[in-house]
Structure formats: C-alpha cells, structure tokens
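The letters A, B, C and D name the chains in turn, as written, and every chain counts its residues from 1.
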Amino acid sequence: MAFDYSPQDLQFADDVRAFIQANLDAGVRKKILSGMLPTRSEREKWQKSLYARGWAAPSWPVEFGGTGWTVVQRHIFDEVLTEEGAPGFPVFGMSMLAPVLMRFGTERQKREILPAILTMDDFWCQGFSEPGAGSDLAGVRSTARLEDGFWIINGQKIWTTLAHEANKIFVLVRTSVAEKKQLGLSILLLAMDTPGITVRPIITIDNHHEVNEVFFDDVRVPAENIIGEEGLGWTYAKFLLGHERTSIARIGQSRRELKRLIATASTIPWRDGMVSQAPWFKRRHAQIEIRHRILEATTLRLLAMVAEGGKPGSEANLLKIHGSEVQQDLAELWMDVVGEYGFAYGQDAIADIGEMVPWEANYVAGSYFNSRKLSIYGGSNEIQRNIIAKSALGL
Amino acid sequence: MQTETQTMLSHSISAMLDKHQPSDRLREGLAATNLWGALVELGLAGAEIPEAFGGLGLSFTDIAPMFEDLGRGLATTCYLEFAVMGTWLLHASDNLVAHGLLAGAATGDTRAVLTFSEFGSAGDPAFARTSATATAAGWSLNGAKSVVVGGSLATHLLVPAMQDGKLALFLVPADAPGVTRHSLQLYDASSAADITLDNACVAASHLLARGEQASALITLALDRARAALCHEAVGLMAAVHDLTLDYVKSRKQFGQPIGAFQTMQHRLATMFMDLELCRSAADVATSAAQHSATPQQRMQAVSAAMVTLCQCARNIGQSAVQAHGGIALTREYQAGHYFKRLTMIERYLGTGDDHLERYIALAS
Amino acid sequence: MQTETQTMLSHSISAMLDKHQPSDRLREGLAATNLWGALVELGLAGAEIPEAFGGLGLSFTDIAPMFEDLGRGLATTCYLEFAVMGTWLLHASDNLVAHGLLAGAATGDTRAVLTFSEFGSAGDPAFARTSATATAAGWSLNGAKSVVVGGSLATHLLVPAMQDGKLALFLVPADAPGVTRHSLQLYDASSAADITLDNACVAASHLLARGEQASALITLALDRARAALCHEAVGLMAAVHDLTLDYVKSRKQFGQPIGAFQTMQHRLATMFMDLELCRSAADVATSAAQHSATPQQRMQAVSAAMVTLCQCARNIGQSAVQAHGGIALTREYQAGHYFKRLTMIERYLGTGDDHLERYIALAS
Amino acid sequence: MAFDYSPQDLQFADDVRAFIQANLDAGVRKKILSGMLPTRSEREKWQKSLYARGWAAPSWPVEFGGTGWTVVQRHIFDEVLTEEGAPGFPVFGMSMLAPVLMRFGTERQKREILPAILTMDDFWCQGFSEPGAGSDLAGVRSTARLEDGFWIINGQKIWTTLAHEANKIFVLVRTSVAEKKQLGLSILLLAMDTPGITVRPIITIDNHHEVNEVFFDDVRVPAENIIGEEGLGWTYAKFLLGHERTSIARIGQSRRELKRLIATASTIPWRDGMVSQAPWFKRRHAQIEIRHRILEATTLRLLAMVAEGGKPGSEANLLKIHGSEVQQDLAELWMDVVGEYGFAYGQDAIADIGEMVPWEANYVAGSYFNSRKLSIYGGSNEIQRNIIAKSALGL
C-alpha cells in the first residue's frame, strides 16, 4: 500500500487480506498470478464466499447489497484483492449492467436480476462490439423487430468475453431506423440458451479462449426484456461504459507484478550474477515503478476528488492510457527476465533444467501478446486522446 | 484539496503577480525584475521560521503549492534559494550564529544561499572538492562554487566543504575576506555567481554541521527545493499549455485552425497528461519532504517525482514550441521564456538521469 | 542495388514460397511446416560451402538478402541455424572431422546447430557453464543448453564449453551417448530443444577450436546470423506493413476508412520509416559481417544494426497490432503471426539492451 | 568517413580536407563549430576562395560553373566542408533560386544573375513565409500589381533569414486573384535597397539575430523581374523547395558534433571521473551515434539510387525527420555535458574557473533552443509525415 492512508484504512486492508488468505483456493490464486483465467465455477465459489461475508458488491448502494464503504475503502479492497490474486468481480453484470438497471430498469428487473448477480448464480456477458462497430458503437447493425410481444433478434456480435461461460447476455441492437445513427438502438436482456444463439470461439495468438463471436438467428425474447425506453440504448450504453473508471489503471495488479518481477528476477541467473542485478533490469524496473507510483498518486488524487463530491473528467482517460502502458511495459520486461524461455509455447512446455527455470516462463509470452489488447479495448488509447482533446481541451 | 493557508497564500501571490505581468517584465527585460522584494513585502521571507524568530511558522506543505503560482507567473524570485534552502538551513542547523541571522532573514535583509554545485560535482555536494582546514581562528576554506543562483544577491553563503575527508557545512559571510564573486546571468533570467574561496576565513562557530549530520541537512534542503521545483514546474506547464491551447485554436493553416488536426489534438492531450502527472509528482515530493518515515523513503519518493518532472518538463516545453512553430522561439513571445525556464528546471537540481540513478541506488 | 545472384536467389525463394503460402500454412498449423526441405531442394543447403565440398561457393553477401524473402513469407526454415551458423562453422573450423561432414551438409542430410545459449548466459557463449574435461578417449562434456532452435532436428551439435577455464568449441553427434534432447515448441512456430550433456563423450578430434580462436569463430557465426536476421526482419516488417496499410484503407469507422485519420496516417508513416531504417541496418550488418577490417569494427556495426532492428521490430509489431485492433490478436489472421516472429527476433540473438551494452563496451 | 567509399573517393576527401585547411580562416572555423553565424564578409571571402579553385557550385551543371562531380563526390564534398567547420553555401541563391532560373529563367536572367551567385557578389535571401502562410504557402497575401511596366509590391514577409545581410531578395507574391489559392502567385526578383523595403530584426530566445520581418510598401520593380510566367509562382516555389533533399539530414554536421562531444566530455570532470565515463553519457552518446550511423547508411542508399538514375521518394522526408531529431538529441546532450554552465547567457559570460570550463559552454543553451527550429522549418516534421502517408502510402 502507499501514500496517505489513515490507520483505519490500513487496518481495513489487513482485514481484507486476512479474509482472502483464509478463503481463497491456493490453486486459483496461482492460476491468476500467472495470468491464466479462472473457470466459471472457480469464480462462482469465490463470489459466494464474498457474498457470505457481505462483500459481494462494494460498488453497489447498500439497499441492493452494497457495503457502504468510502471510496478509499473500495479502492483499497480492489487493490488488495488484486495484489493477492483473487478472481476479479464479474464486471459485466456487476459494474455495467447493474448500475444501468438501478437507474433505468423496472422494479421487477431490479428484483429479479440483481440478486443473482450478487451470488453469481447468473453470469452475464456483454454483446456490444460488432465486426463493423468496435470503437464506434453507433455502427451497430444487429437488429431486433417487435412481433407479437417478442423481439426477434438477428445479427452478429464479436469479441464477446466469456460468452461460452455466461448464461445471460445483454445486447445492443438496432430496434428502429433513425436519421442519426446514435438513435434507434436498444439494450435487450436474454438467456444464452435461447434458441437461435450460436457461440463461436475466437482463439487468440496466445492460444487462449477468452473471447467469442455470438450469432443471433431469429432469436425471440419477450418485449419486456428491454432496458428503459426503446431507442435510447446509445444513452444507456454510454452510461454503462462510464462506470468504474478509476479502477481502470489496475494499480493493484501492476504493483503485484512489480513485486513478483523483482522476486523472480532475483532467482534467475544472468551472466555472473542474477537478473535482478543486471543494469538493464534495474533501469527498466525502476522506470516502470516510478511511472506506477505517479499513476497511483494520480488515482488517489481522483479518489479524493470523488470523495468530496467532485467528478473526475479527463483524468480517467489519462489513467486508462498510462495504466495500460504500464501493464504493457511490465509484460515486456517479463519477456526479457526469463530470457530464451520466454518463447516456449503452451503450458508446461519447458523442461525443468536443474529446476532453475521459473514456472512463470510458461506464461510470459502469452501475457505479453495478450497485454497488447489493453491499449485497444474499452476505447483505444487513440480514442482516449480524442476524448481528452474534445472534452478537457475543447478542441 | 487546498488548505485555507494554501488558498490564502495562492491569492496573495496571484495578486502580487497581477501587478507584475510577465508580458510587462518581458518588455523591461526579465532579468531586471527579480520579485524577491515583492515576496518580502508580503511577509513571506520568513514563512517557515517559527514565530519566536520573527517568522510566520508555516509548514513546508503550506508554502509549497504557492510555487505553482510563481511558475504560472514566470516569476524570478530566488525564493527557492533564499527561503526554502537558505533560511531553512539557518534554522535547521541548530547553530547559534545561524539562529542569530534568522531575524534578518525574516525581514529579507539577510539572504543565505546553499552553494551546492561545483564544476564536475554533478550538483551533488558529496563530490565537493572545496576543502576546509582548521586555523587558529577557526576555518580556512579553499575551492570554487559554480553558477550559484542568487549568489550575487546573497549576504551569506552556506558552503559544503571537505574537512578531514568528511563533508561539513560552513556559514560564510559573502563579504568575508578571500571570497570573490563573479556574476553571470542565466538564460532563464535568473542571476547567478561563480564564487571562489581563496583562504576564506570564518570563526570556529561558523561550522554548522559535519559528517552524517551535514549530509542529512544538505540532502533534505535539496529535496525540499526539489519538491518546490515540481510545483513551480506545474505552474509553468499549466501556463504554457494554456498559451498553446489558445494558439492552436486561433492559428489557421490549410483553411482551418491547426487545433483541428488530430495529431495536434493528440499533442495537446499528451501535454495535458504530462501536466497532470507532474501535479501528482509534486504531491508525492511534497508529502515525502514533509512526512517521510525515513530519509531513504523521502529520497526515493523525491527522485521518483524528479524523474517524472524532468520528462514532463521536456515533453511539454518541446511540444509547446513545436505546436507554435517559429514564433515560440522569438524573444517577444511568452512561450519561449516558459520553455527556457522549464529547460533549466529539468537540470537545476539533478537531471532525470541523475535521479533515476539515485532511485535505483536507494532500491538496492 | 541487387547483384544478379541475389536477384536469382530471391526469385527462387519467392517461387518456392508461392507454393507454400503463409495462409495455407497457418491453416495447417504453422508448426507442422518447416520449409528446410524446400530450401534443400533448391540446392541451398550448401550455398556458402566451396564447390570443392559440393556446395555453391556463394558469399554471405550473396545469400543474406534472400532472408528478406523468407521473412516476407513468414517461413520457418532453420536455415539460419543449419546453414548460416552450423554448416558455416563446420567449414570455418578447419577441422578434418568437421570438413568430412560438409558433403552431407551440402545435401541437407547433415544438420549442425550451434548451441549458443544456456539458462542465465544471456545468449553469450562467453558465459557458458558447460564444461569439458579430457578423458583417455577424448573429451567428456557436462552441462545444459537451452532452447536450441533446430535442436530437435539437428544431426550434430556445435557445443561451446569451458575447458581449463577457456572457451572451446566441440562437435558432438546428436545421438552421442550422454546427450538428451527435450523438444519444445516456440510461439513463433519454430521447434527447439533443451539439451543436456551428461558425460557426453567425443573423440579428441572433435575439438574444433579453443581459446581466442573459439571465441572469434563463435562470435563471427553469431554476427553473421544477426545480419541475416536483420534481413528476415525487413521482410517480416514489409509484409506486416503492407497488411496494415491494406487494412486501414478498407476498414471503416465513424463513417470513413480508419486510414483517413491523421494519427493513423502518422502511425503508418512511422512504420514506413522504421522499415527503411531496418533496411539500412541490414545493409550495415551484412557489409560488416563480410568486409569489416577488424572484428571490433564488425561487432560494433552489427550491434548498431541490432539496436536498430530491435527497436524497429518492436515499434512495427506493436503498431501493426494497435492499428488493426483485436483482429490482429486472433490466431486466424496473419498479422499476429508476424508480430510473434518479430517479437522473438527482437530477443533471439541478443536484446536491444544487450547490443547497446556491447556497442558501448567496444567503443571505450 | 564511412561505409563503402572507393579509394578514389577517399583520396578526393583528403584533397578537399587539405584545401580547407589551407584556405579557411581559423577564427571563422571556431565560430562555426561553436554554432555561431559567420558574417557576410567572412562567407564571401570563403566563397571566393572556392570560386578560385573552381569549386564554387558543385550542384550546378558544368556550363554554369559546376564541377561535374558524381553524386557521391558531391556528398563527400558537403560532408567534409561541414566536418571541418567551413561556412555553408549561400543556399538561397545557389540551391534555390539558381535551379529555378536555369529551368524557367530568361537567357538574360541566367547571364546576369548566376555569375554573381558564384562569386557571392550578390547574396540572396528568400521572401516566402508570411504571418498567415508558414507551412501553407498558398496562404500568401502579399500582392504585386502591374502598372506602367512596373510591379508595385505591398505586404509583409516573416522569418526571412539573413535579410539584413542580403543585397537581393526573391519574393512570392499574389499577382492575380484566382479561384484556387495555389494559382495567381508569382516570384519577383529585387534589390534589397529598393525604396519601400523595410527590414525589422526578429531576435530569438537564444539572443541571436538571424531572421527578420520584411515589409513592402509600394515597392516598384521592373516588369521583367519576374521568374517565368505570371501566376505560376506556386509551381516554381515547389520546384525550388524540392532541391537538395539528401543533404537535409546534415550527416556531416552530426558526425562532427558526435566527435566534438566525446572530445569535450573527456575534458570535463564528473564526480570522481570524467563526463565521458558517466553511464548516462555513454548510453546517450551511443544511442545517437547508432541512429546517426543508420541514417548515414540510409543517405548512401539514396545516393546510390540517384547515381543509378532513380528518384528518391519519401526517403527524403525520412532523412528530414530523423536528421533533425538526431541534431536535436545532440544539442540536448551538450546541455548535460557542460552541466550547470549550460545556462550561462550570452557570449563569454562564464568566468574561467581553473580554466576547466570548456568554451563551448557559452553556446550550448543557445544551440539547444535554436535546434528546436529544425523540426519546424522547411516543412515541419508533422508535414513530412503527412507527405509520407500521402505520397508513399497512398493514404
């Protein structure tokens, strides 16, 4: 931890850490620390243990099952979870869908949908991107037409994270034709086992299956499964994507990686010493650590602003840009730390030469390739700069 | 979030600077205008001196943010040299002679500067070659100090010197026999002096500290100055960013404002981010200078801030010039003067390379 | 300007690759397709071996540019390992046993690899920990070699080992007793082996060189490979630049091709420049590997080229992915595979950091 | 020198070097090496000594007084002159105006104007940029109207290099109103002492006087003092600016600076040793040297292409971008080499402490500030990238 936390805050951090150590499965922890994905059932088990403790959704209002913590406590909680290698929250349901429902959903939707997110009995995925609509969501071409009290959905989604593990999906579709491309969109809610939905895996160059294509072929869903008003989907989508922006820099994860890097580098030989003593390692590690430290201070500055009722502006875009670059630099440094073993392909490919090669070596190349997505998704870093120029600078 | 004291100081500085617009001072020739006197009038010469000694008894955290206002106004003041380093050292040294100077320091009549740099010492007093030898009357100092900002206006010098192979800190009246000052003007409009000490003699009581204690004092004085420098840089950067933003919105090329070009927009967005990062760096450094548990933690935090500062100062300064084009390099236009001061700040209390090295050395 | 030989070789390679399109090989799984056999069919296994030994008697300058074609076609061949390093060393070593293998090398049946890397040696044989001790029959080798590309397909190993505190180079049949190979596949679709030598015994005649001579031979072999690698990188970069250019011209966002955005245009322009600089780096390295007056000049020129290569390979690879977006990270699309190979090249024969260090060490 | 020069080429380089050492004034040499400008009379003296040797205009055809050298010889000549600190050629007359006159001028213009450029009896400056027309020359607003056989010129030029030393100027002015902004421009030739011309110095932040504003107030010049056809000035201006593009990377100057830097750095103390031994110096110097070396190879590749009749395309823009950046990096490294003395303002401001401070220290800050113009003028580096994207990549 760092900076000007109060003694109470530090005590809270200790409590969280103790809870994790008592409840998190060691295998899951190792998996996450190595950059692998936990399975749905591993996630669900962890989420249920948080639920039992009353910590299932710190970002929610207390009336829906939130914790009532301060923004600083919530930040600490996220950070400690990350540092300790706990599975992340099911973001699509908890941090994207839920806030929209709380604001725009019907009472029935709140009552039926929110509790199952808390327990992870429902695991949601998000159907927004399409082959022709990535950073530019107004380009969505999937359609839904209303017939006899049902929406009939046709079209294709892409980059749908964990669609193969989710049992629910919310999709952005075109429900009417409008002059302005941003109008006429709506968000619909449906179960993944609805007839007509096909999920096709996309395998990435690190050989992982995390994202998918999802096809909709005359998929029928009751008319009431819409969020808010027909045609205002663009507004809801912007609201939804605007949430949880201070956590975007993944300060905790980078801190964890900085520590692991040092620890691993001091076990790997390099010439007559260890990697941790190599000038290139020291320089690059220090540069990333410094950047991380300043980014952390920036995050805390924003949190203080939020705590006093302010609304961070373009600083959140800054966190996205610099946070992603810090993570990418770390992934790159990992490659050089494990040397020639960085290129071994596939889990456990490496022969254990004299038991010297660290197990991380099996994952670093995959993590590096995968890290490149960080400056692409959630609004590419170019888009983030456009936003800063437009909204902060008036250009 | 600003405290009341910080807000009040910020207002005083702004009001004072309103009377001394950079544009006016540019016309007069910036060099002519050292605003130290104006700060004295505001009663700030002894801001950090306890009230018992005639000062205001403020903390470093109170006064550091006002450097942002000074930076924004491109103010040449020597406040960093006389107050943050000089006067603070007089008080922190716990030496009777030095304490006797505090009343004068609080009125601005006494001005002490730390002569931290020698040619080849890379600004680090640990590499001082100036030597002190014991005499019957006290100490005799020999050596040369380089480009001491404020050195020609100072009444006293705080001189790091090697005594018996150990660093020591001496108080030397600027008019002591054996002290020669050669004034030189710097590109950022501050004035400095090369100072030679040729058997400069002071009484035994003028030894302020030695060994570990001297190093600790000097390093802390410099780290405080670095934190203040970060704040000044934030002000300079904010001002030059504003200038640039206005310029790209009004200047037209190929039939549209140059700010309509996407690469120009991204350049300005990057400048904006550099500015925000430097703001965080200033927070980190100030908090460390005031609160750090150990000197090592403080030094690491300050060097992290300085590495950031140097990078951001360079990026913003160069970007501002590039966005403006030739006009930024003319003497009549303000942007170039901000660029010059940022260029100096990037080197004045250690370069980015120096601070990265210090950071690494402290980590291992 | 290409020589006739260079042009001819380039045509043969292109024609061969037309039959083995990367897209086809991607479908089959790139790993399955090592094109060494196709190069053997073209008679290139012994390209640099003198005609007296059954080779073509070409110079390094003749063959280096064809690596550009191999890179463009994303061809996995082990030509670098078997021909440029392995076969060349067999010939250059001036050893009778090694020369006896040249006829087989010219037909591609004999494949020798230089096992230059050990875990922790940073790819530099000078830091080898493998040891050689004299026995009655010859030499006994003990140690472990890491991620030897081509190691599982090789018939012979060229093993750097420490003998009496000095570096020596041994020829070891891959099936010699005491040699164990553990195959591993690499991300760029090449296959490699971890190799352990557990009292691996060879006859006295299998010592190819020792001391200065061994270092000189091995370093030259690696520098030649680095020059060839620069050419391969040029081909990879040109291909991925073309892919990216096509993509940004056709892919639309916000109502226009993404190539219409100025920042995208500048990204592509920077990629173009990186490609051109890498072309020059390849020229510099090849000319140095062939003509340099002294080993020091050669090593400096090659390291200058490698520093450039590493930077450009990284910039272009990352930029290509960024310009494409997510699709570049999918297994079905070509760009990602170029990116992977460029990422490996950036590290295979020394990182940019390593080569900058070597450059500096040679300068002082 | 470097790379694959022939023995004849190397001999030629030696001849050039010998000539310079025999003919160049030592004071002028030192001035140029320190980044100061020679006076007009110093330039003229040197140009006349080149003229006497028959080397006054290597870039010109032999019929006009050129040397008939190969492109490689011309490159070597430029490089050696730069390395040795000789004054540059009077580019505005020799490399800009002259090629346009040779192609589009009248016989009388060639006969009267060219010889005086060779001897530097005439020293030309160029009036192109205006307050509203920098990178975008089509924005020129100065006008000339034809009256009784005279052009009457009104308007203002800016950034006019050495206008205060020149006795002649060629100006781009609007001579007719056209739909397309690029049409209706013409280039006129006039003497600086023509009534109505006012030169106002622009002092730069390094305190130098190199550029000027030039005002035209009803300035009269005979109708025949026009280049080519009325209204085609834009075409001629493009032709004029397109010349001498391979020399733009200033390879020779950077090589000279790399050497001087090492030499100076080994005389300046740094902690317990010398600056030349400091890790930061070694790293940064090596990085620049490597970049320079690759840039030199790129230049030679282009020269070989030109020698075989090819026409370099966007590679020239590359040389401009990277050449300027190398020079800027060098100027920045100089600042750190001389330490705290880098900030001394004005010539000879520095007290000679123990005779240790190198004389270069008086100039490094000015050179650094001045170096920033390198990525701005002659088409900013952004414009260069635009051109690459457009002409090489078809974007």
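Basically, a contact is a pair of C-beta atoms (placed from the backbone, for glycine too) under 8 Å apart; a residue touches a chain by one contact, two chains touch by 3 or more.
On a predicted model such as this, the values are computed, not experimentally measured, just so you know.
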item: Contacts common to subunit A and subunit B (chain labels); value: C
item: Labels of chains that are neighbours to subunit B and to subunit D; value: C
item: Of C-D and A-C, pair with higher C-beta contact tally; value: A-C
item: Taking each chain's C-alpha mean as its centre, the one farthest from subunit A; value: D
item: Averaged-CA centre spacing for the pair subunit C and subunit B, given as whole angstrom; value: 52
item: For subunit A paired with subunit C, centre-to-centre distance based on mean C-alpha positions, whole Å; value: 38
item: Cα-centroid distance, subunit C relative to subunit D, in whole angstrom; value: 43
item: For subunit D, residues contacting two or more additional chains; value: 279, 382, 385
item: Two or more partner chains touched - positions in subunit C; value: 261-264, 266
item: Touch-based graph of the chains, sorted into line, ring, star, complete or other; value: other
item: Residues on subunit D engaged by subunit B in the complex (per definition of touch); value: 132, 134-136, 139, 158-159, 202-207, 211, 268-272, 279-280, 284, 335-336, 339-346, 349-351, 353-354, 356-357, 365-366, 368-370, 372-373, 375-377, 380-382, 385
item: Residue numbers on subunit B that touch subunit C, as the complex places them; value: 261-263, 266
item: Complex interface listing, subunit D residues touching subunit C; value: 3-4, 277, 282-283, 286-287, 289-291, 293-295, 297-298, 301, 304, 308, 314-315, 318, 321-322, 382, 385-386, 388-390, 392-395
item: Residue ranges of subunit C in contact with subunit D within the complex; value: 1, 245, 248-249, 259-260, 262, 264-266, 268-270, 272-273, 276-277, 279-281, 283-284, 287, 291, 301, 304-305, 307-308, 356, 359-360, 363-364
item: Touching residues (chain side subunit C, partner subunit A) in the complex; value: 117, 119-124, 127, 144, 146-147, 182, 184-188, 192, 194, 196, 252-254, 261, 263-264, 318, 321-322, 325-326, 328-332, 336-337, 339-340, 343-344, 347, 351, 353-354, 357
